[in-house]
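Each chain gets a letter, A, B, C, D and E, in the order it is written, and its residues are counted from 1.
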Amino acid sequence: MRAKDYNRCSMCASLFSLFAVVFLVFTGTVSLVLAAGAYKVGAVFSVTGVASFLGEPEKKTVEMVVEKVNASGGINGHPVELILYDDESDTTKATLAVKRLIKKDNVLVIIGPTRSGESLAVAPIAEKAKVPLISCAASYKIVTPVEKRRWVFKTAHSDGHAVERIFEYMKNHGIKRVAILTVSTGFGASGREQLLKYAPKYGIEIVADERYGPKDTDLTAQFTKVRSLNPDAIVNWSIGPTQILSVKTWHNLGMNKIRLFQSHGFGSKKNLELAGDAANGVLFPISPVIVASLLPESHPQKKTVMDYVREYTSRYNEPVSSFGGHAWDAIQLALSALKEVGPDRTKIRDYLENLKGFVGQSGVFNFSPNDHNGLSKKDLVMVEVVKGQWVLAQ
Amino acid sequence: MDFIQYLFSGLTVGAIYALVALGYNIIYNVTEIINFAQGEFVMLGGLLAVFYREVLHFPLAFAFLASVVTVGFVGYFFERFVIRYAREQAVLSLIIITIAFSIVLKGSAMLFWGKDPYTLEPFTQGEPWIIFGAALQRQSLWVFLTGTAIVVGLSLFFSRSYYGKAMCACADNPVAARMVGIPVRKMIMLSFVLSAAIGAAGGVAITPLSLMEYDRGALLGLKGFGAAVLGGLGHFWGALVAGLFLGIAESMCAGYLSSGYKDAVALVALLLVLFVRPQGFFGNAEVGSIKRF
Amino acid sequence: MARKLLRLESVSRKFGGLDALRNVTYAVPEGVIQAIIGPNGAGKTTLFNCVSGVFPPTSGSIYFDGVRIDGLPSHKIAALGVSRTFQNVALFKNMSVLENVMLGRHRQSRAGFLACGFRLPSMKREEQEIIRRAREYLDFVGLVDEENKPAGSLPLGKQKILEIARALATEPRLLLLDEPAGGLNTAETEQLGDLIRRIKKTLGVTVLLVEHDMNLVMECSDLVVVLHFGTVLASGTPSEVKNNEKVIEVYLGSAAN
Amino acid sequence: MLTVRSIHTYYDSIHALKGVSIHVAEGEIVTLIGANGAGKTTLVHTICGLLKPSRGSIHFYDRPIHVLPPEKIVSLGIALVPEGRQIFSTLSVEVNLEMGAFLYRNENDYAKEMKERMFQRFPVLRKRRHQLAGTLSGGEQQMLAIARALMSKPRLLILDEPSMGLAPLIVAEIFKIIQELREQGTTVLLIEQNARSALAIADRGYVLETGKVVLEGTGEALLEHSEVQRAYLGRETSRNWEV
Amino acid sequence: MRKKDRIVFLFFSLFVGLFPLVVASIKAVSHYIDVMIFAGIFSLVSIGLCLLMGYAGQISLAQAAFMGIGAYCSGILTTHYGWPSSLALMVGLVVTGVVAYGVGVPSLKLKGHYLAMATLGFGMIVHIVLNEEVELTGGPSGLVGISGLGIGNFQISSPFAWYYLVWGCVATVMLFSLNLVRSRIGRAFLAIHADERAAQAMGVDVSNYKVKVFVLSALLASFAGSLYAHYVEFLNPGSFGLMWSIKFVLMVMVGGIQNLWGAVIGTVFLTFLSNEWLHFLADFEVLIYGLILLVIAMFIPQGLVTVVATKLLKKGLRDGA
């Protein structure tokens, strides 16, 4: 071996030891000062990354709720300590964040992650460590099969609920032949799966099944193909720009005679602004929290929802989203469990599993050992865009 | 009728690819560098136009111009403070540098505009035209016209104008170019400014059609690069034809085959072309052989 | 005369509009030092590149020891026993002097990925052998004291010699030297001439030499061929060539301007 | 007009020029001869600004030019016909010529007029005007390179090995052109390996060896010099094998 | 292995071996062991990429795709067909090897930007297939229920077991690679990197070696992918997209492109940086990440470890003298 190599290697060696020393000093000096007797609640949200528009309101909501609880004296006299990590919409990071919450922070219950992918990735970890996890994501796979998900709950509507709500509406309005368009992301794929699964149950024929990418700039081809099949209605399942694009394309191709249904992801005022006139006539199911002011006074959630909307909008000066609602439900579930059974992971789990009639933002939760979601299609309302405004659909 | 609709859709998307491809070609023609940040110029162009229009309330034409000029300045900055210090490095480093710069642009755009998509009003209002039963949006025509005008303009610039020819000379033989008194550095700078401005123009033109958000650049850049390679790197008409070809192929594939696999079809076509005919559709094998020796 | 080791039959090579070689037909007998001379651009390096497989001739055929080699990739030609040096010194500059020569032993060694990765005994033995032989060649050219230096740090003269050592390490039967004396001073050139003669005498390698330095050519080559504008103008022993009418005519033509 | 004072230049960490001094007076043909690797081309590149000397100075009409970028140096009236011709091989003959007049790009008819003159002097280029320069034969390429350099009406023309790779008849033609140029008032610095031809037309000459000037004198004197004869003109026969 | 490599290797083993014992005893960093498991898995990829890029001089923007192929082979075979994990891992290697060979033969004839484009295109195609073949891969929603790693009744489940398994693999691969680059094959790689023409003239079958090292790097990525699949027990295509391929290139470059130790250190460094130390940057992270990459590529293209090592070396020499 030549001299240069020798030196390079010995330098590597010293680097390694240097690295080791720095590392140990670093790790040694980090220590956590904890509020005595605090109840520790962990949270993992996609605050940045592609899903940040979901994670951001979730984070804000949870922070708001925890602050309020602590301001009013905590739970049974114990302050709540919220430990929140950002998974940056990345499965690896979500995995590590949950492990960190369990090992380092030793939390009693975990809220999140935001999206289905991350939730599915961390569910086995929570299961193994026997820590209750309340996901804010949609996929039904997060809580099934129940025997493998004893410690995992979720507060978002399963895509199936939204699909069933749409199909129910169609059935009532005599719509039979339906074309579906889905985006090739986790959200779209899950929607597609449910659409195909529930169609026969409501006597609906899927005449076209088209897909597109989340960054596609043009959907004309897909809509043209659908138009040629002359369906009664179209269901588009996506979030982000393609959702607006689908509405615009539908409008521009003069397809207004074919009704356009969107997923529950369409429920944001921003979408109305971006789509403009084109959105008139679009139908979609949505969580009550978004349309709080439209709900009749008799609606069981009216008060809960209006309170949250008022608080959130006055604090952050932005409209609420259904995602924030999921986080509200999750943290409130966690807090009510803590209040009832105290700081015991197993008791929290058992409490949640048997909780009934919990009034949240997304609906009224009725959990059971076979259902860790606790919501049904009835908890969604159908909304139509009329003259640039949301109205409850008939 | 469907066929024509697919064609319209393909031509519109293809024109965008062609515009991005042109940006690659300009820089490549002068420096033989592939600027992987090209797609981000498109994204910046679109978002800046929204900013000028919606926030500063410029008239649309002026917002267009302001956006193009601003992005041109970004191109200048990139050349002056990054590329100039790295030009001598290996191809690998240059690839990483341009990718890194694209991440920086994307990160900055995210901070500035957030992650929401934005839209812009169409250049001309009105319902789409119906041609042979297929709807053609007015904005599509704008995109197509912008693309074609820029290709024609660039071809003329590089084949007729003194500066254009001098830029070709820089690419051909930078040492000889310096020896006849061509300020090579300025030409390189010009190429970056020009390609950034063209990317921005494309970005403004497509925003009314397909919206724009901070992370749109990468995919557009990739498709544009595909078109550039397919047409033969450095070949302007090649870029236009290849861009339109890719756009139409995708649209037809989505219409008649599988919409999920349309991107894969375009990529497979690209790989096959790379393997069989690395100089692209229009690249001149003879020119290639002259260059090599 | 000995049998022909290398045979070119109407070899042509075009670059764009340039004819670098036109119908070159020529043969190199085994065991000689053969020089190729001619002005820059006469096609000497092109001829080397065609023979060593850097690129194929546009037309014509090349035989090495009876085997047709035109169009073969250069590592196959190398495996048949043709090795070369490059006009602009193509050493692996970041590798040490010894490692450069060890690379020359590449085709004499067999160890595969697994043997190398796990350092199997067979590979260790082979590596020892490679080092031993590489040192022999360094010793032969007189660079053994420099074996641990990076090749790029040597002065040009030594780099040229190292390149020859590396080429010799492949145990060639034909060695192509492309302007080995370019950039060398008189003393270095003399040493080089000595080395080239020793290569033929001691190792029995046939040497094909492109060179500008006429002293070197005249002193050490057995045969000379004059390439001119892509064609063979004349060939023979050095003295024959010097007195060749055509050669005199062409070159005097230019000198008498 | 051109004065090079003891310059040192490094090329890829090789000390290629070790204190070279030369000068060229107006109207002269000065030749620089030497073997491969003696530093001839490095010297030319240093004069033209493509390489920067680490020490020493270069003055052109008393103006220091070793600090200027190449495009500035060209604009002062120094044009180079580089070694290996370095034409723009993927551009047409015509565009190659136009590029030679880049400095006069703002003068409307300058390029056209000069192009016409070049076509008159080199009729073969007119025939090939639309061809890609890379497809020309070696001689034609050399003519093109010279014509391109002349497009900027230089006061000093530097030719780096113009005879390289050319047939003797063409070499003769090129040397004839060089002489004509001088007669029309262009000063010429000629770098050549073809020492005999070069010295025959040169007023003065320098011999460069491993980065140093080892001899200088008038063309005839050098031709007769025994050292030069031994090293560069062939020892016994005086025939120029070396080229 | 040579003597001086042995010293480094000793340090390395000592550090890696003691690491979990130390961090496990400190509550605040007890989860670092999990980060290190990921870092180890990624190190396998970057060692392969280092051989390919640093030694043989060929670029690949498809490493994440190869990782994905391995991971999904493991995932699909264990979930849909109930194969034992170790067998699935082997099949993943075979499949990746065949695919890499098929892609490598035509791609590696290309150079520079074209090679980058070809590998990038291939990576995208794999990503699209993972997204679209919903029946098989679960599509974008991901593949759940992948079994853990184990042979027969012996299952690797505790973090310690995983840690030592992963880093044991890294150590083995490191040894293998060190031996390889200090052998005739490593010399051939370097020669190809420096001058393909000269390497070929010395009898090195350039295209053959390029394909072989490409396949080797793909196999390492595939192996890492399988480990990832069995460790996380969940897969989705997002983990194997273009961004990840670029991240692997970055990991290698940060450490030092022609330095196997650098590749590992760069990987560990960046994994900790993005998972632990840059958290506080939140939305600025993308920007900072891009800037770090830019600065490194512009000013220290030879890599951090190499530069630091050279600096230390020079200082050491001065002090010593």
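Just a few scattered comments:
The working rule: a contact is a pair of C-beta atoms (placed from the backbone, for glycine too) under 8 Å apart; a residue touches a chain by one contact, two chains touch by 3 or more.
The shown structure was predicted, so the numbers you read here are calculated from the model rather than taken from an experiment.
Hopping across touching chains, the smallest step count from chain C to chain D is 1.
The count of contacting C-beta pairs peaks for the chain pair A-E. Farthest chain from chain E, judged by C-alpha centroids: D.
Farthest from chain C, judged by the mean position of CA atoms in each chain, is A.
The distance from the centre of chain D to the centre of chain E, each centre being the mean of the chain's C-alpha atoms, comes to 54 Å. Centre to centre, using the average C-alpha position, chain B and chain E are separated by 33 Å.
If you average the CA atoms of chain A and of chain C, the two centres end up 71 Å from each other. Separation between the centroids of chain A and chain D, computed from CA atoms only, is 74 Å.
Each of residues 89, 132, 134-135 in chain D touches at least two other chains. Multi-chain contact residues, meaning those touching two or more other chains, occur in chain C at positions 16, 99. Each of residues 258, 260, 263, 286, 290 in chain B touches at least two other chains.
Note for the complex: chain C touches chain D at residues 16-18, 37-42, 156, 179, 182-185, 212-215, 217, 228-229, 242, 248, 250-255, 257.
Chain E meets chain C in the complex at residues 1, 176-177, 179-180, 183-188, 190-191, 194-195, 197-207, 212, 216. Those residues of chain C lying in contact with chain E across their complex are 52-54, 73-75, 78-79, 83-84, 86, 90-95, 99, 102-107, 109, 111-113, 116-119, 123, 126-127, 130, 166-167, 170. Only residues 1-2, 5-6, 8-10, 12-13, 16, 115-119, 128, 130, 134-135, 137, 206, 209-213, 215-216, 219-220, 250-252, 254-255, 258-260, 263 of chain B touch chain A when the two sit together in their complex. Within the complex formed with chain E, the residues of chain B that make contact are 34, 82, 85-86, 89-93, 95-97, 99-108, 110-111, 218, 222, 225-226, 229, 233, 258, 260-261, 263-264, 267-268, 270-271, 274-275, 278.
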